[in-house]
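Same chain, two partners: chain A is paired with chain B first, then with chain C.
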Partner chain A sequence: MSLRQLVRPIATLQSSRSASAAATKQILESAPAAHVTSLKNGFRVVSEDNGKPTVTIGIFVENGSRFETQQNSGVSSFLEHLLYKGTNKRTQQQLETELAGLGASLSSETGRDHTAYYVQAASKDVEKVVDIVADILRNPKLDAAAVEKERQVLLNKLDELEGNYQNLTFDMLHTTAFQGTGLAHYPHGTTKSIQEITADQIRQWQADNYRPVRMVLSAVGGGAEHGKLVGLAEKYFGDLSNEYPGKVPSDLGIRFTGSEFRFRNDKFPAMFAAIAVEGVGYGHADALPLAVVANGIGQWDATHGSSHNAPKRHVQRLVEGYGLHGFEQFNINYKNTGLWGVYFVADGKDFENVTNIHSIIQKEWKHMACALEAQEVEGLINQYRNRFFSKVESNTGKAKFNAKELLYTGHLRSLADVEEQLSNLSANSIGQAMNRHIYDRDIATAGVGRTEGFPEYSYIRQRMWWWRL
Partner chain B sequence: MLSRISVRGASSAAASATASAPTKQTHTTPSGLIVSSDERNGAVSHLVLAFRAGTRYELPSQKGLVHHIRNFVGRDTNNYLGVPLLWSTAGTGATIRAFATRDLYGVTLSVPRAEVNVALSVLGHVAAQPSFKPWELVENQETLIADLASRSAFDFLNDDVHRAAFRNGGLSNGLFAPKKLVGTYSQAELQGFAASRLVSGEAALFGINVAHDVLANYGENHAPLNSGKGQPTKASPFVGGESRRWSSGKLAHVLLVGEGATISDVKGLAAQNVLLATLAHNTLKYGGKSGNGILAKAVANEGAGISAYQAAYADSGIAGVYLTVDGAAAGSAVRSIAKALKNFTAGDIEGAKALATSRVAFGVENGADFVIDKAAYLLGAKGECIMIAISQTTKADIEAAAKKLSKKFALASYGDIDHVPYVDEL
Partner chain C sequence: MGSLTRSAASVKTVVGRSSKAIAPLSITSSLGSPDAAIDHKTIDSLQLATEKASRTGLFVSGLAVKGVNVTSRRHASTYDVPYPNFDECRRKSTLDAKVASRDTEPERVAFTRAVKGVAFGSFGLWGAKEGVQLLLYSKSMSMATRALAAIEISMNDIPEGTTKTYEWRTRPVFVRHRTKAEIDREKAVVVSELRDPEHDDVRVKRDEWSVVIGVCTHLGCAPIAGAGEYSGYYCPCHGSHYDASGRIRKGPAPRNLDVPPYVFKGDTIVVGEEEK
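Right after this comes the complex of A and B.
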């Protein structure tokens, strides 16, 4: 840490530091509050009026590939695509024209356990936007021609995904880590399932999954006045019932299996690899410390400005000629489980090199579990602050945060609450969380491409603990 | 962590910078440094220190020099060593990014607002006082090679279309150093460029979520900026032309542009943004490949992907479309676009105005990206609010912008381009 001391003299204005730390909290506390209302049928509305000229309105639905089966794998994303193809009131062209006329745009994403639809628009158009989104969700046409056309689009997309090695690696990682459970399924389905899914199955899927207790309307921006949005939600979604005409969605439970998966293909340009332990669910008390550590592991690739001089021990070591092209931490929180680890790309020409890459990363994990110093913790927390609070700056970022909070935990933290939790973290509490979930835990590894030099399971597993603490 | 961005600010939404907010303040210090701030009551401060020192200021013998300087950010400075500077920012949680456009070179920094004073003191040193130690030159070379190796099709096109559009003018200089010139610049040459351009009279310091007096105090009393003013650059007007680059793959990538608005010309920029919104926009994520808009419809049969493109500079600009299309269909796609541009007549423009307005508004939301656009505006423009200008835009303005754009084209193509017509055939 003597290096840091050298820099102190240039920090000419440092005396005001603690005062401004308090000011941060004050600023967060004075931020516009989000209000939550639950309709009688369980449909939840969360809104935050921040007076900006723009607004994001999103509907978040708990569904996704973890609730699917091998037969209907990909049906959630199939449905998501089809909702763009027009409703009983509006054709796709009308939808496009109407949104363009408002200067608005519709976007969506389907993951393993949620689908999010959101519209970015001008703040004066809140009512019109809710009307459009409700129409898309409640009255989709799902006609046979559109289904066939979209099937082709999805199959082409599957072809394209084959060249997306990162996505492939994460699919393999889920397949092995969550084998035998719903989380092993691919969000985009398989060629066979996409070929075979029928329009009826898609309709049935919507009927069983788009139920009010599984949905949240989240609005952030100007004009997102709570009373108005509750009224609109009541008007458009208040009549939805909680009956499941087909079958109640089930995720086939949670089970993490320490295991490995290799997909060797020497024609791929490199080795793509992921190593992970079972993370925690979104609402878990250890979710925050684990997110802080993962964020501190960070990300690096060959175009980065800092390598040998990087302000991270492990980056300085990793760039020392092990053929690493880049790495990136990940920390995925599903509702009740997660994956926590590192993804990396290397030339994979040599067993020693790949083992060393793994070891250096694992050594840093062990350091975070056993040997964190208070000063380091301050840096880690600041890095997380930077990333987290930047992410919720935009209306869309904040709307997603609010919706996720409600969907996964049932209650809502304000940004001031998150700041409070962050400032309460210590070397001790982070170390304990790391010991509970990372240190000497089973791992799942996935290797794609040039994997000849990928070390076998036991070789990596034994590096999850230390002889000496 | 330190990362680099090269193309930002050159294209996208230079326009968004002119959106005004009541909490913003701007003033110029006696040394010529422009200091500006914007309080949004957020927990993260986003700072930028930028100089009129982009690639257009390179002499003909200095192609790629600014790329070298950009990649030096994070190494030793004249007063402090690079490692301690970086390690001290890591303690504050800061993210540092170095960027270069044709107009500007600079460094952005995002940091939790309680740490802004420490971060600010680092910003000036890393951005304005690089020392280019001789033994660092070789190390730096590797990072340039990595940058060149990771260029996307768009990166190639973006440089190529400027070369075509501005011919021998300063704006034709690429953001990426030519491969053969990587590592050819000496310490003295780099220092010479820094001494002439990284000076207070050419600089702007902008911050979001930081008190204006903190920024002003730093800018006036503490920033390690050499005072002075750089030589003005020669104007680099739009000329038009062509650049083609064959590469493997099935797709043809095409950038077709014409003369666009400058950053200072807020009225022209507004009209251009409305025009681009009518030409191509994508309001539905899964609405189909081409999206919507006049040009999107013109190429829907070819299955082309299309998006609007613009790059506005202090004295010049280009605007047009970026097209990706199956190589075999490229001929008719490019021809129909050129034809549609030449025969443009404005229909109902209210929707396009709404789209242009909301694009500007969305561009402001993300502070870390917005600061670069804002720096370009502070150092290049003297305009008023673009939102108001958009609302006052008329059909005639848009048709004038289209006419200007289609008078003469600059065309850059990359990929499977055997069917892409030459610009003189359009």
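Right after this comes the complex of A and C.
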């Protein structure tokens, strides 16, 4: 009898927990579903009508610096910039007035493997927005004057970028980790390439890359009714041919090279450092556990309220006077490879301080690989769940998620699917993923700025494993 | 104009300066940024200029900083330094950038693994042997037990008039085959005149054989057999003289040499065994 009493409360606890998990799943399953349709020419449409008064319509194109060469490095972003400069139908002025009239905002970004254009607008303006975006993407003017003007803007931007130390560090990290592949190229190009890219090359780039199989239209919000969007897509993009007049773009390799890059410049205010192992592609089975761990290691900087009293043990140790300004664990997934590691900024005044920072972070990685406990896992999953679901809460966030899923994996997970995958994670599965990809793996390191105290490669590499049986 | 916004304006402050959010994946452009080539009124550049000014002081170096003063702008950035090509140092299997390095790894690490395997394997075997040995020893006779064991000495090995040394319980044992003359001499000694009065009869079991422990009773040196003024044993350390019965006759040692337990068995002497 007494045993029964002892056992009972635990049993109820478990059942209530799984009940709440089930409830979460039910809620997610009843959320508006995203529908996917592929047009005859390969152009994909994904939409999700959630009844909100606003809508985000995005077009994602698979291109970017990893498809570029040394010679045309930066052409993807060049093209993206030029698309704002007016079409054959509308001048830049008209474009702006028209969008302003709708109260819509157009933004875009070019990364290493995709360019995204998205418009946030009122839900009643779906058709008008698609019309404008299609016009921008399909009939850009790309006239010589605009090209020259934009060239100067891009060159200035290149100069400015060097002052963005974080960006610089990450670019250098990519360059060394993926040396000899397309991922080593800078999204913004080099001075030489930007100076030399011709309007013809840009036009050629558009013809080669803005092909229907490489594009996804993703709409989330009110008025994003699927049938309607498929109709619009058919009307505005259905006639796009899937034939390649030039050559089919290739991603130029995925080889990761364990290596070190150091750019010392004592005029920089601090040491900016990144160490990373080869991550996994977006659709890889281990992508989720690695993302969960990365999110759990998290980030901290000097502006945070907590230091010694931080909830995370590695943060408590990191703030112990090693001159650390901040760190952030990152997890980047490209289509077929990735980078997983940590970025930090420190005084770098003392070798020992820097090595301590490295050791503490790496120890945490090893802990996650070898000694993760069940209750820790629950915390990690909750943290990730919070982050993930708040990211896809907005129309734009969800539109990006949907588009990325389609572009990278060819199919779409619903939020309930993600939740399911999350709740299936265990200390064991996370530990296994960590062992496959992080534990005792080669690393790429990049140090920028005051790197005198940056430890040499073998020192850091050696700390990727533990003596253990 | 205001309707077109930059996308990556979310700012996380690291080092007390703003920089873009951590994902370095995207650079953004904006319809809203002015296109004049030398106008640094973009959000990025303004922010940067302010940061630079506040960091180094506007009048100290602000003017020399590229990008703030347009005329000093140079197009030579870190980004323009080409990354060296290390293909020459690569193994053949990693020359193809399209192949993930993970896929060529088994082949690349095979040799080092094998070397390590052999090295650590043999090391491991040795370790295992040591371990087993340790276990077995702990189960086997201890040193003390072993030292209690008896030794057998063949009497035929020791001709009359000689002394031989054996080891027993880690100590030397002198076995002396005495001559008639020696026996007579020792039997005749007047016991009352001795420092440690003992008659030869109590020190031997058979007159021909004297068995003593070869440890000087002074400070523990090993005496030399057949030497000294009494032609028995002589300890060179501090000059103790023992007679052929092992009794102390001269020098600093306080006692006679000890007699170990022993028995005669056929033509052997067994040292370490008590008479039953």
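The working rule: the second predicted complex is superposed on the first by the 447 of 469 C-alpha atoms of A that agree within 3 Å, B and C clash if a C-alpha of one lies under 4 Å from a C-alpha of the other, contacts with A are read in each partner's own complex, and residues count from 1 in each chain.
FYI, a contact is a pair of C-beta atoms (placed from the backbone, for glycine too) under 8 Å apart; a residue touches a chain by one contact, two chains touch by 3 or more.
From a predicted model like this one, the values you see are computed outputs, not experimental measurements.
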- Task: Check the residue A:95 against both partner chains and state whether it touches chain B (first), chain C (second), both, or neither.
- Result: both
- Given the touch rule stated above, what does A:345 touch, chain B (first), chain C (second), both, or neither? second
- Name the contact category of A:27: first (chain B only), second (chain C only), both, or neither. first
- Considering only the touch criterion stated at the top, classify A:321 as touching first (chain B), second (chain C), both, or neither. neither
- Thinking of the overlay built on chain A, is A:188 touched by chain B (first), by chain C (second), by both, or by neither? second
- May I ask you to decide whether A:161 touches chain B, chain C, both, or neither, giving the answer as first, second, both or neither? second
- Query: Once the shared chain is lined up, is A:103 touching chain B (first), chain C (second), both, or neither of them?
  - Reply: both
- Query: Which of the two partners, first being chain B and second being chain C, lies in contact with A:382: first, second, both, or neither?
  - Reply: first
- Message: Quick check on my understanding: which residues of chain A belong to both its chain B contact set and its chain C contact set?
- Response: 80-81, 84, 92, 95-96, 99-100, 103-108, 153, 299, 302-303
- Note on the structure: Per the touch rule, the chain B residues reaching chain A in their complex are 1-4, 40-44, 46, 71, 73-75, 79-96, 98, 110-118, 120-122, 125, 139, 143, 146-147, 149-150, 214, 217-218, 222, 281-287, 292, 350-359, 361-362, 365-368
- Touching chain C in the complex: which residues of chain A? 70, 77, 80-81, 84, 92, 95-96, 99-100, 103-112, 116, 118, 149-150, 152-153, 155-168, 170-172, 174-176, 179-181, 184, 186-188, 190-192, 195, 252-257, 259, 261, 263, 269-270, 278, 299, 301-303, 325-326, 328, 330, 332, 336-337, 343, 345, 442
- Task: Going by the contact rule at the top, pick out the chain C residues touching chain A in the complex.
- Result: 1-8, 12-17, 19-20, 22-31, 33, 35, 37-38, 40, 42, 44-45, 48, 51-52, 55, 66-67, 73-80, 82-83, 85-87, 94, 96-102
- Message: List the residues on chain A that touch chain B in their complex, please.
- Response: 3-4, 6-8, 10-14, 16-17, 20-21, 23-24, 27-28, 30-31, 52-54, 80-81, 84, 92, 95-97, 99-108, 120-122, 153, 298-300, 302-312, 375, 378-379, 381-387, 389-390, 393-395, 415, 419
